[in-house]
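In the two complexes that follow, subunit A is the common piece, with subunit B as its partner first and subunit C second.
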Partner chain A sequence: MLASILASGLAVGAVYALIGITYNTMYLTSRVMSFTAGQLGMLGGVFGSLFVLRLGLPVLPGLLATLLACALVGVVTEVVAVRPVLKSLDQHLYVLSTLAVALLIQHATALEWSTEPQPFPRLLGLGAGIWDEKYWLPVAACIATIIGLEYLYRRTLVGRAFVAIAEDNFAARALGLPERNLRIASYALAGAVGALAGFAGGQLLLAFFANGPLLNFYGFIPVALGGLGNNRGAVIGGFLLGLFQQAANFMVGGIFSSVAVFTLFIIVLLIRPQGMFGAPAARRV
Partner chain B sequence: MPITRRGLGLAGLASSLPMGLATPALAQNEPIKIGWLAAMTGPSSAPAIGFNRGVVWAAEALNSAGGVKGRKVEIITRDTQGDPTKAVNATQEMISQLKVHAIWGPTNSGESLAVTAIMARGKMPNIHPCVVDSLIDPQKYPNAFRIAPSNTQWDDAVRGYTLNIAKAKKVAVIGDTTGYGVTAANASAAGFQKDGAEVVYKANIDATQPDMTPDMLRARNAGAQAIIIWSVSTGMIARMLNTRATMGWDVPFIGHPSLASGEIGTLIEKPANWDKVYAIGYKSCSYDASGKLPPRNEELLQRLQGKVNLQDTLLWWVACGIDAVNLVAKAVEASGSSRNEAIIANWNSLQRYPGYFGEYSFSASDHNGYPVSDVVMSAASSGKNGTFALAPGYG
Partner chain C sequence: MARLWPYLAILALALLLPLTGNEYWALIATRMAIYWVLISGLNLVVGFAGQLAIGYVALLAIGAYTASVLTAGTVMEPLPAFVALGLAALAGAAAGVVVGLPALRLRTFYFAMTTLGFATIVTQITLAWQDVTGGGIGIPGPSMPAPMDTAWGFYYLCLGLGAVCTWATANIGASRFGRALVAIRDSEVAAEASGIAKPRLLVMVFILAGALAAFAGGLFATLQTYITPDAFTFDLSLLFFIAILIGGRGSILGPLLGTILLTLLPEVAAPLAAWSTFLYAALLLVIVLAIPGGIAALLDRNSRKPLPEDRAIQPRPEALAPLLGERAERKLLSLRGIVLAFGGVRAIDGLDLDLRQGEVHGLIGPNGSGKTTTLNVISGYYRPQAGSMTLGDAPLPPGHPVGRAARGIARTFQTPRLIGEATVLENVMIGATIEGRAGFLEALLSLPRQRAEERAMAAQARLALEAVGLAGLAGVRADRLQHSELRFMEIARALVLRPEFLMLDEPAAGLSAEEIRRLGALIRAVSRQGVGVLLVEHHADLIFDICDQVTVLNLGKVLAAGMPAEIRTHKEVVSAYLGA
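After this line comes the complex of A and B, so read on.
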C-alpha cells in the first residue's frame, strides 16, 4: 500500500506542481492569475493523444508539436484575455476573462475531440507495477522543468529579463526591456510547461476534456500553499498535495479524500496566509 | 343595398360555417405530425443519433407503404443539444405553434424532467425512453409513457443476475460522484440488502480519480464477490478494469450499460481486462450462443441492412426509435383519430404490443411499458453490429 501511495502520489503531485509552475510563470510577468493553467494541462494530454496516437507521429515530434500547440494557446490567452485587462488589475477583471477563455477551450475540446476519455499512448514502454513509466514520467518531467527554469532564470539574458519584469515592472520598462514581448514569451513558456504536465501525465489522466477544471483546482493549491510566484514552493506543495491526496484515498476513500485535501488546505492558509514558503506582503505606511 | 356593420358580421359568420364543417375532412388528410426532441449534437448525442436512425427509417417505411389510412407521417425534429432549456423551448413550440399530434423524447432524463410537466399541461401524448422513475406517474402525467426500462427495472435485473445467476452474496457497490451515480448506488445497495445480500463495500468515486487501487483494494479486503457499477464514466470503469487485472483479481463486474461502451475497449490495457464484465442489455437485442438474435429482430436486421448503419451505434436505440414512431402510427390507425385523447386512450389499452425493442403493455394505472423480464445482462466485450451476447447463465 505504501509503495502504491508513493508511486501515484508523487506522479499526480508532479502534475499538480507543473500546473502550479504554469500559474506562476504567467503570474510573474503579468500579475495575473490565469485560470487557463489547468486547461493547458488538459490540452497537453489531448494534443499528445492526437499527434502520437491518431496522427501517428513518433513520440518526440509528437511532444514538440504538443508543446508548440499549447504555447500558441498561451500566447492567444495573453492577447485575448490578459492584455485587455492589464490596465485595471485592481478590478480583477482577469478572473472573468481568463475563466471565459478556459471555458471556451474546454467546450471546444468537448465538441471537437470527445466528451469521453480517450486513450493516451504508451510513450517509452518502460517499467511495470509501481515502476511503470506512467508513475515516474511526470516526476521526471517535473525535475527537468525545474532544472530548465532555474537555468533559464539564472543563466540566460532572456531569463534574467523575465526576473527583472517580475521584480519591478516599471523599473524594467524604464531600462528599455520589451515588457510586452517578454510577457508574450512567458505565456508561451507557460503553455509549454502546462502541455508537458498533461503529456507526461497522460497515461494517468487520459486525454479527457474534463481534466481541465480538475487541474485548475488542484494545480492552484500548490501555488497557494507554496506562495504565489514561488516555483520551489509550488513544487514542494504539489508533491505534498499528491501524497496527501493519495494517502487520503487509501485511508478514507472517494469523496472524503477531496474533503480531506481542502480541509488541510484551509488549515494551512489559516496558519500561514502567505503560503508555506511565501513572505508576508509588506505595506509601506 | 347599403352595407351595414351587422350585415357584414352576419355575412362573415355565414361564410365561416362551411370552413368549420370542413375541418374534419382536413384532419383526415393532414400528415400525422410527430415531434422528435433529440439531443442530436452536444455531449450526450450518441443515443439520439441512434434513435434518429430508427425514427427516420420507420417514417420512411410507413410512408412508402401508403402512410396511415392515407395520412403521411411527418417527423418534426428539434435538436435540444442535451440542454433542458432548449428542450423546454422546443416542447412549447411543438405544442403551441407546430401543433404536433404526439411527441417522442427527450431521450435523456435531465431534459425529460424539465418538459414532462409542460407536456402534461398541454395533454400532449408523449413517449420517451428515460430511466428516472419519477418521470412516469399516471396520476400527475397521464399523457407520458415509457418504452424503455426504468432505473428500478435496471436495478432489479442487475440484482437478479448477481444473486441468482452469478451466485454472489457479498457485493461491492460503486458509483461515480454525479447525482445519478450517488442515487443509483444507494438504491442498488438498499436493494441488495433487502434481498439478504451483504454489501461489504460501497463507494462513490470521482470519475477523474487517476488511480483506482485504493477502492479496489478495499473492496477485495472486504470480501466482495462481485463489483456492482453505477456510472456512465468510461474512464473510471476502464481504470477499474485495468486495476483489477494488475491486482490479479477475477471478480466479475456487473451493472450499468456503460460497461459495454466501445470507448472502454480503447482504454483498457489489454482485451482480457474486459472479460467477466456484464452490462445491462436487452433480450431483443442480444444474440445467443449460435450468434442469432430473436427471430423478429433477425428479420429487422435484414430489413435494415444497407439502409441503417449499425456499426457505430446500438441496435436497441434504433429499434426503440422505430417502435416510438410505430406506436404513434398504430394508435392513430386503431382509433381512427390523431386527437390527443384518442392516442392516449389507445396506448392505455395496449397489451404485449410486439415492438422490435420490446413487447410493451400499458394500462391507465401503469405507464412503464417495458417488461422487466426482457432486461438481461450482456457480455460487455461482445459488441457486434450494436448487439451483444447474452451473459453466461441464461438458458
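After this line comes the complex of A and C, so read on.
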C-alpha cells in the first residue's frame, strides 16, 4: 500500500506542482493570480486526447500541438482578461476577469468536447504496476520543466529579462525592456507548462472538462503555501500535497481526504497568510 | 419617495403576477424571490464589503439540506416546516462565519479560492453522507402548511420575505454599518483611522448573509420538492455573484434588477439554456471590462451632472465651536525615546516629543527625516522597537491603529484616502462611526434610536463640511472632487470625530497659495477650540505663520525644538533644511 501511495501521491503531486508553476509564471510578469491556471491543465488533457486519440497524431506532434494550443490560450487570456485591468491592479478586477475567462474555457469545453470524462491515450506503453508510465510521466515532466525553467531564467537573456520584470517592473521598463511582449511571452509559457501538466497527467485525470476547478484549487494550494511567485515552494508544496492527499485517500476515503486538505490549507494560511516561504506584505501607510 | 418608486413598481408588478393565472410564471417568480433572499444578504458581503465570496451555493445547500433533513423524519422526529427553516438559518449563520473567517486574514484571490473550495467540499459531503442526505438519491424538501402549500400561496410567502430582505438590507446599507463596509472595501486604512474594526463588522455581516442564504436554501428545497446534490451546481453560485456585479457595488436596487434579469435570461432565451453559464461568464467579463459600475452606475444620473467649475473652498471657522465644543482640561501627548528601525535604517532614533492640546505643533525636516513615520507611530500603524507614549495620564499602547479614534486621535493622510463611490457627506460621516451606539439589529430594523443617531451624525458631518468650506458639495460622489477639496474633506472627516489631537500629514501639498492661507486659518481656529494639532509640512511659511511650537527632525533625531522665531534663526536648521 505504501508503494501505491507513494507512486500516485508523487504523480498527482507533480501535476499540482506544475499547475503551481503555471500560476507563478503568470504572476511573475503581471502580479496577477489567474483562475485560468487549472483550466490550462484541463485543456492539456483534452487537447492531448483530441490530437492523439481522435485525430490520430503520433505522440510527439500531438504533444507539440497541445503545447501550442494552450500557449495560444495563455496569450488570449493575457490580451482579454489581464492587460485591460492591469492599470488598476489594486482594485483586483483581475480576479473577476480571469474567473470569467476560466469559466468561458470550461463551458466551451463542456459544450464542444464532452461533459463525460473521455479516455486519454497511452503514450509510451512503458511500465506496469506502480512503475506504470501514468505514475512517473508527470514526475518526469515536472523535473524537466524545473530544469528547463532554471536554464531559461539563469542562462538566457529572455529568462533574465523575465526575472528583471518580476523583481522590479518599473526599473525594468526604465531600462528599456519590452515589458508587454515579455508578459505575453510569459503567458504563452504558462500555457505550455499548464498543458504539459495536463498531458503528462492525462492517463490519471482523463480528458474531463471538470478537472479545471479541481486543478485550480489543488494547484493553488502549493502556491499559497510556498509563497506567491516562489517556484521552489510550489514544487515542494505540490509534492507534499499530493502525498498527503493520496495517503488520506487510502486511509480515510476520498471525501474526507479533501476535507482534510481543505482544513489544513485554511489553518496554515490563517497562521501564515504570506505562505511558508513568502515575505510579509509591504507597508500600507 | 422618489427613491422608493422603483422598488414599489417591482413590488406592484410582482403582486399583480397571479392575475396571469400561469403557474409556470409562479415557479419562475418564486425562484427569483428565493434567490433574492440569498443575494440580498450576499450583496452586503460582495457589493458593500467588497469580499469576493464566490461559493455561496454552499450555504444554499446547507440550508436546503438542514431544513429537508429536519422535516423529512428520516433521522429524527420531523419538525414543523418553519421551525426547520429557522434552524436552517441558524446553521447557515454558523457556516457563514466559517466561510467568512478566512476573509479577515486573506485577500481577494485567496478568499475567492477558499470559498470555492468550501463549495466543492459541501457538495462532496452531501454526496457522501448518505444516511442523512440520501446521497445521490436525495431527500424530499419541506412541505409548507396551508395556505402556503399552493404555488401562489408559496409565491406570496417568498415575495413577502424578499420584500422584507430588501427593506432590511437597505437599512443596513444606509446605516453607519453600511458606510463602514464600503470604507473597508475602498480604503481600509481610512476605516482603521476612523476606529472601524474590520473583524467585528465582517463577522456580523457574514452571520446575516449566511442566515439569509440558508433560509433561502430551505425555501429552495420546498420549491424543488426534492433535492439532490446536482441541484447545487457551481453555476448557481455564479448566478448569485454575477447578479450583484451586474447590479453594481454598494447598491440595493442594482443587484435586485440583476437578480431578476439573470433568472429570466434562460427562460426568455430557451434555446440558450445549455449555454446559460457560458453567457453568465461572458456577461461577467463584459461588465468587468466595460461597465465596472454595473446597472447602478447607469441609473445614477446624478453623478453625471457637471459640477460648477468656479467653486472655491470657503472655510467657516464659526462652525467649529458647535462642532467641537469646548475642552476644559488641556492634555499632553508625549513621546519618550521612540526608536523605530526598518532593517538597518533607523527611521526614528530616540525621539522625544510633547504635543499640547490647544497648540499647533509643527514637525518639519528634510525628506526621510522621520516626520510621517512619527505620525504613523502615534496613530499606531507602526510599532516602535523602544520608547513609550502617554496620552494625558494614561499610557498610549504602541500599534493598534483601530483604537486611536476612541482615544481622540484623528489624522489625515499624505495622499487623501477617500471612499470614492460614496458621497462627500458619507465620507465625512465615516469619521463619526464610533459614536454610534445603536447595534446591528437596531440598524437592520431601522429602530427609532438608530434613526435619531443617523440624523445626528449627518448633522455633525454637515457642520464639519461647513467648517472646512465644502458644504455645497455634500451630495457629490467623492471621486469627482479636486485634489485640494479632498484634502479639506479628509480634515472634515477627522474633525467629525471631535478629536483631542489632530494629526495632519502635509495638508498643504498641492494647494494653491490662497487655499494654503485658508487652510492655515482653519488649523489655527481648530486649535483654538482646544484641539492639539500636529502639522507635518514642507511649506515653511505656513509652519512659521501658525505654529506655537516647532520641532525639526533630521535623520530620525530632533535637530531643534522651540518657538517658531527661535527655529527660523537656528543655525543648524537653516543650513540643514531651510537654506539661507
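Note that the second predicted complex is superposed on the first by the 282 of 285 C-alpha atoms of A that agree within 3 Å, B and C clash if a C-alpha of one lies under 4 Å from a C-alpha of the other, contacts with A are read in each partner's own complex, and residues count from 1 in each chain.
Simple rule for what comes next: a contact is a pair of C-beta atoms (placed from the backbone, for glycine too) under 8 Å apart; a residue touches a chain by one contact, two chains touch by 3 or more.
Quick caveat: nothing in here was measured; it's all calculated off a predicted structure.
If subunit A is used to align the two complexes, do subunit B and subunit C fit next to each other or clash?
Overlaying the two structures gives a clash between subunit B and subunit C.
On the A-aligned overlay, A:Ser4 touches which partner chain: subunit B = first, subunit C = second, or both, or neither?
A:Ser4 sits against subunit B, while subunit C stays out of touch.
Pick one for A:Met33: touches subunit B only (first), subunit C only (second), both, or neither.
Only subunit C; A:Met33 stays clear of subunit B.
Let me test your reading of the model: by the given contact rule, A:Phe208 touches which partner, first (subunit B), second (subunit C), both or neither?
Touch partner of A:Phe208: subunit B, not subunit C.
Touching A:Tyr16 in the superposition: subunit B (first), subunit C (second), both, neither?
Neither subunit B nor subunit C is touched by A:Tyr16.
Given the superposition on chain A, which partner contacts more residues in subunit A: subunit B or subunit C?
More residues of subunit A are touched by C.
Pick one for A:Tyr187: touches subunit B only (first), subunit C only (second), both, or neither.
A:Tyr187 sits against neither subunit B nor subunit C.
Examine A:Ile266 and indicate which partner it touches, taking first as subunit B and second as subunit C; both and neither are also allowed.
Touch status of A:Ile266: second partner only.
Once the structures are superposed on A, label A:Ser97 by its partner contacts, choosing first (subunit B), second (subunit C), both or neither.
A:Ser97 contacts subunit C only, not subunit B.
Would you sort A:Ile255 into first (subunit B), second (subunit C), both or neither based on which partner it touches?
Once the two structures are laid over each other on A, A:Ile255 reaches both partners.
Just subunit B (first), just subunit C (second), both, or neither: which does A:Ala81 touch?
In the superposed model, A:Ala81 contacts subunit C only, not subunit B.
Thinking only about the overlay and not a real complex, which stretch of subunit C clashes with subunit B: 4-12, 40-48 or 130-138?
With chain A aligned, subunit C clashes with subunit B through residues 130-138.
Which subunit A residues lie in the overlap of the subunit B contact set and the subunit C contact set?
Of subunit A, residues 111, 214, 253, 255, 258 contact subunit B in one complex and subunit C in the other.
Quick check on the complex: what are the subunit C residues that touch subunit A?
52, 54, 101-102, 105-110, 112-114, 116-118, 120-121, 124-125, 127-128, 188-189, 234, 238, 245, 274-275, 277-278, 280-282, 284-285, 288-289, 292, 376, 381-382, 413
Can you list the subunit A residues touching subunit B in their complex?
1, 4, 8, 11-12, 110-111, 115-119, 129, 201, 204-206, 208, 210-211, 214, 246, 249-250, 253-255, 258
In their shared complex, at which residues does subunit A touch subunit C?
It is residues 33, 80-81, 84-85, 92-93, 95-97, 99-101, 103-104, 107-108, 111, 213-214, 216-217, 220, 224, 253, 255, 258-259, 262, 265-266, 269-270, 273, 284-285 of subunit A that touch subunit C.
Going by the contact rule set out above, which residues of subunit B touch subunit A in the complex?
Residues of subunit B touching subunit A: 42-44, 177, 203-211, 213-215, 217-218, 233-235, 238, 246, 261, 263, 266-267.
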